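Heads up, the next two complexes both have chain A, just with different partners, chain B and then chain C.
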Partner chain A sequence: MTTATSTKLPPSTHEFADIIHRLEAGGAMLPDTPENLMQIIGIYKAYAVPMDFYWRDLLYIAEEVFLEPFNFFKYFLPKEYLELHNHYAGDDADLRIWRGEATAHPELLAFMEKGELNQKIPRLFHHWLHDRVNMEFAEACMRAMYWHGRDMGWGKFDAYLDSDEYKANADVAIKAYFKGNPVMLGLYKLFPEMFLEQVRQLSYYSNLGLFWEVMAPVFFEMSDLYDEGKLTTVPEAMNFLVNGIFAIAGRPIYHHAHIRGEVYEIIPKSKGFTWLYEAALPYVEAVFYRTAPFRGTKSYNAQAKQVPDEQKDFHYGILYADVFPVGTAGIPPTLLMQDMLHFLPPYLVDYYRQYCRGEDDMLIQLGITFQRSMYCVTSAVIQALRTALLYPLDDPNPKHLMANRRFFESQLDRFKRPESRIREIQSQDYR
Partner chain B sequence: MLSLLIGLPLIGAALIGFWPSKGSPTLFRNIALAVAVGILGWTVAIGTQFDLASPGMQFQEYLPWIPQLGLSYKLGIDGLSFPLLGLSALLNCIAIYGRGETVERPRLYYPMIFLVNAGITGAFAAQNLLLFVLFYELELIPLYLLIGIWGGQKRGYAAMKFLIYTALSGILILAAFLGIAWLTHSSSFDIGSISTEKLSLTTQLILLTILLIGFGIKIPLVPLHTWLPDAYVEASPAVAILLGGILAKLGAYGLIRFGLQLFPETWAVVGPGLAIIGVVSVMYGAFSAIAQKDIKRMVAYSSIGHMGYILVAAAAGTPLSLLGAVAQMVSHGLILAILFYIVGIIEQKVGTRELDVLNGLMNPHRGLPLTSALLILGGMASAGIPGLVGFIAEFMVFQGSFSVFPVQTLLCIIASGLTAVYFAILINRTCFGKLDNKLAYYPKVLAAERIPALVLAVTIFILGIQPGWLVRWSEPTTTAMVAKIIPANSAQIAQKLNNFTP
Partner chain C sequence: MPDIVDIAVSNDSFKTLVAAVQAANLVETLKSPGPFTVFAPTDAAFAKLPPGTIQTLLQNIPQLARILTYHVVPGKLMQADLAKVKSVTSVEGSPISIDCSDGFEVKNATVVMADVEADNGVIHVIDNVILMG
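The block that comes next holds the complex of A and B.
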């Protein structure tokens, strides 16, 4: 990476000129300090463990639970899915990102067995005592992708869900699933859209599951590299993500349903949907930027006009979220923060103990750390887009550099809103 | 038994004041707490021996002290004073416990609190007018110092105002007592030996008016209340609890004990006027509280309003209303204590009392959730929400006074609605909303700091659902007191004949 650009172009006049200059120099949206690096890597690790559960369960629901009308046990992962090999870890990986095992992470298995209670009781009791992974959060992300996916319209994946081909594939699977169940088949006859819409949602389960199947090993590997001393700066961490994004960009996104031992290809791999364009970018847009207004922060009252009319104006993702109310009613990210709380690396716990209320408000401290780390991920996405669509940072042509700058400026325009936390994360006082 | 109750705090004061070694604040605080718990324990012991059926004085003690002056050391308690003694012992513990470790100059602080406690106990138990004045005046200097040394920014002004007002109150009371004794040619100042029956109505009215002004300053009644907001706001939370929780009761107690008991016939004559003054206080307190921007000031004005109920109830003079007045004194003491305590915690943790700055304290991780919850409970109790002790007291007051002063009672009920208004404002601005992310790095509330508020909250709640434990002490006494009042109209006669028994 080079800092040559700063001499070739006049300083930016953008509100976030400092951040733009940093991006132009190959940096991230958050400052490169050892403290920031320690925080973001630590939280990647804490995030990756529940994520290892999320992706497995999302795929399990998409493939096995499928249209089960009474899916009471959809969060009870069977053994096969815990042993399911991640395609990007282990010896038989398609592309080995993480050097660890391809089956479920040992910390996750330990948590599922004993939980916070630290007692071996049947899984059902752990579930009832809410001693579990908050899978509802993963489903909320999936629904955000689904709902905004209809609006964004720049992937082919969502358009495909409306095609006749998809409907035909889904029809076969629905009929196969309800074979011998005249009630459901009759319902399907009466209200075909009802089940079709459910299958579309299940396709998004699969989509998000496949997205996180990549991210979990990426985060595990980054944590390991940091522990080994091989990641020493925030730009290095970001570049690891950028390289990961490009390495994995072409991986297939598909939806297969397993019904009575047979595989029904609802979205076949051969359709050529790829990870970067059909999962990663829609995910970042839907979950990092948009999602839905928190019930505990905004009024959905139509006359109050607190919620935008246009979905593109939604700004409730983690990059904008107010983390201070985490733990109160009506703040969905609480679910994720609680999940991450169980898997914090010791150095992060020690770090939190020194600040604010120590262990008492760790949930919020880690939430703010998570926000920082997601700014790093978003920086990686912005840099990856710039690499894909525009010019290298050390391009000698000033016009090309100017194009890069306009791109960065347009990206940062989205953070001009007062809700955006980009100003806060520039300082360590925000914790 | 009662002498020990007065003696214990004096022993405590001497112990800490003359402790031989230098000692640490923690040591003094522990000694003080041990003594305060001892006082509370002794009060409970007296409570177990208390004859619930007797309307008269119990635990009497008599020592001729200076017979030439008519001053005797005569103590005794009845159903009117015992609940207040209990309240005082409890609040004393809480005042000493609450944030006591950090206090500066502990060797002066704790003795002063104990002197206040001894004075209050003595005043409630005194059965001699001069002895009462003696104890009443004993409050003066310790409280002046407590406000003036450990208070807020404008403490000098507030303490001086308090001193002057209270000194004036003492002089008026003394003047009235001397007048009573001399005009009735009484041989001593003992309460039992004084009878005002032979005095002319005019004389009685003058004496009663002087008493009214004297005790009205202490209660306080509008327009004699202006020392209160300053003194309450500038005092530290512990001192505000003592001031509002117990000292204010001394005024109301004095008014009932000496105004109503010594002038039962005249009481019926001044009753309507008193009820109006009470209603004005209630309304004034509520409207002023609505206008405040400082939560401590709000609570202070709420105190003026709630003391107004007591006057209305006492003026009505029915058995139920008088019982309600005693219940309201205890309930107001408990509620004001919890509110001041919590406001103190909020000020300490957040660093401000401004309504416009406070926000979102219900936040479970970064706010003060339990403190906020207790503030809501305290606010609801103060506003008279059923299930809490405030409702019991207010409802007895309303039920008891309505037959005598219907309009005034209705106005009081409206004012209790206004109480709900300003507490809703207070709670809304303080507990609800969202935290300011730039400021909200408040220190946590330690478990030990929560205990007093929790004890008070539990008491408020238990007395709210089991009000019998609150009123059983006073019933025979208040019924007997009312019997002496000459009813002003037939409605009252009917009630008197009914001989209220719940």
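The block that comes next holds the complex of A and C.
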């Protein structure tokens, strides 16, 4: 034990050296304070309930709505998809993460029935009155993955969408779906790529649905463990996420279409696509880091050069977002913030009441909490990648520790740009 | 000479690996003439993976097979051959980095026993399960 200190590295000279040292000690990018822990866990819970709707509806659209040209009712989840068993919750789980039930969360069902209006009126009226889960947010995330997919190094999913095998699988499903519909079949003959591109997008619906099917029970379980006093620090919360990432890393990512009682395997499970490589890592890159410039904060004017030429330079994800204008026009995350507002645990509502404008600006306060919590998730992803590809934090070999440091430094280089919120989240005054 | 599978089966420290190779239906492949270079994680290496990882993979055979084929490289490459290259391409398709500058390291694993020759290739025993990326 006497040599333990001699193998430690000299301090980092990186701009975020403090954060790098914290990561090297097994911590998160977020400081370990009880206030941070309370915020991130509370918001995981508020996020998991709409997420329970998102993943079910994403799979419903990918599998059942499929190429319906008039998909007016794609957000109207049928009973079977509300009762669909989550593979990671309930008694018959493949690997039980949440100890709760496998069917839709009771708070979600209650909200779908009565909504904000607190009235039992037909679902169509809730929808028209905009008293509903903002599923458009989930679709925006899906589209970010779809659009950035080709540009990202992670995973083999997107490359497969261009293969002849995929095209042949999609062709069979398209023809089966429009069987007996000469108009659509004729259009397909004239413009095959148009239909194929829609199927590719549907494959991303399935991809994201399968990704979130895992995250919802992970967040529910973290909330329950916190309530039971079993999660007491930010690193513990992060490590729960790291273990969750590994446990589910190998779950298959696939796309099946259900057409008139038949299952069409557009992306079969046998392709070997995995949750970690084909869904989780591309999701983090596309949604946490990149997404697309907010219409309300950036000009798309080509002469103004506000939007980068290269997709890899996009920096409009939650880790960079300015949350202050949430609730105003042209700020897409507003949709999610509004969704989470309905499911906040009471302790978080009490907390927001004490600060800033109390209940009046709760949407912004919870947005900033959400940003903090996503820094915790990103920390978990960084630690998971370090575990998978590099060395343990207590590795006795200094060369290995140096490799870990270089990895952490390269990850934090991405937060050097002024838009990043990593500096702000170090302090509780940012709310 | 015994082949790659025979060697693994006859050795007590590859119980998890052998079970995984059998579950993934890769026995026939690894018994074929090849030749192959196999980076074989010990039971202790598998035990380092967080709980649930193996369970999920055993439930999903194509995904398990993908991880296992990442540990296999076409051709018979001895330590001396690998010392000359920076990386090799696995059967899975992703690259594996090799570092022989100071000992013998494969990605983030250390080779604990090199050049175990088999009828249809060579085995290098490693102390970590290696992962793509």
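Everything below uses one rule, namely that the second predicted complex is superposed on the first by the 423 of 431 C-alpha atoms of A that agree within 3 Å, B and C clash if a C-alpha of one lies under 4 Å from a C-alpha of the other, contacts with A are read in each partner's own complex, and residues count from 1 in each chain.
Just so it is clear, a residue touches a chain if its C-beta (ideal position, glycine included) is under 8 Å from a C-beta of that chain, and two chains touch if they have at least 3 such contacts.
All of these numbers come straight from a predicted model, not from anything done at the bench.
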item	value
Which of chain B and chain C A:116 touches, first, second, both or neither	neither
Contacts of A:328 with chain B and chain C, given as first, second, both or neither	first
Residues of chain A touched, compared between chain B and chain C (which is higher)	C
Chain B versus chain C as contact partner of A:250, first or second or both or neither	second
First, second, both or neither for A:357, with chain B first and chain C second	first
Contacts of A:424 with chain B and chain C, given as first, second, both or neither	first
Partner chain in contact with A:151 - chain B first, chain C second, else both or neither	neither
In the complex with chain A, residue positions of chain C that touch it	49-53, 55-57, 59-60, 62-67, 93, 102, 107-108, 131-133
Chain C contact footprint on chain A (complex, rising order)	94-95, 154, 156, 242-243, 246-252, 269-274, 277, 281, 385, 388-391, 399-400
Chain B residues within the chain A interface of the complex	360, 362-366, 434-435, 437, 440-441, 443-444
Chain B-touching residues of chain A, taken from the complex the two chains share	297, 322, 324-328, 356-357, 360-361, 363-364, 424, 430
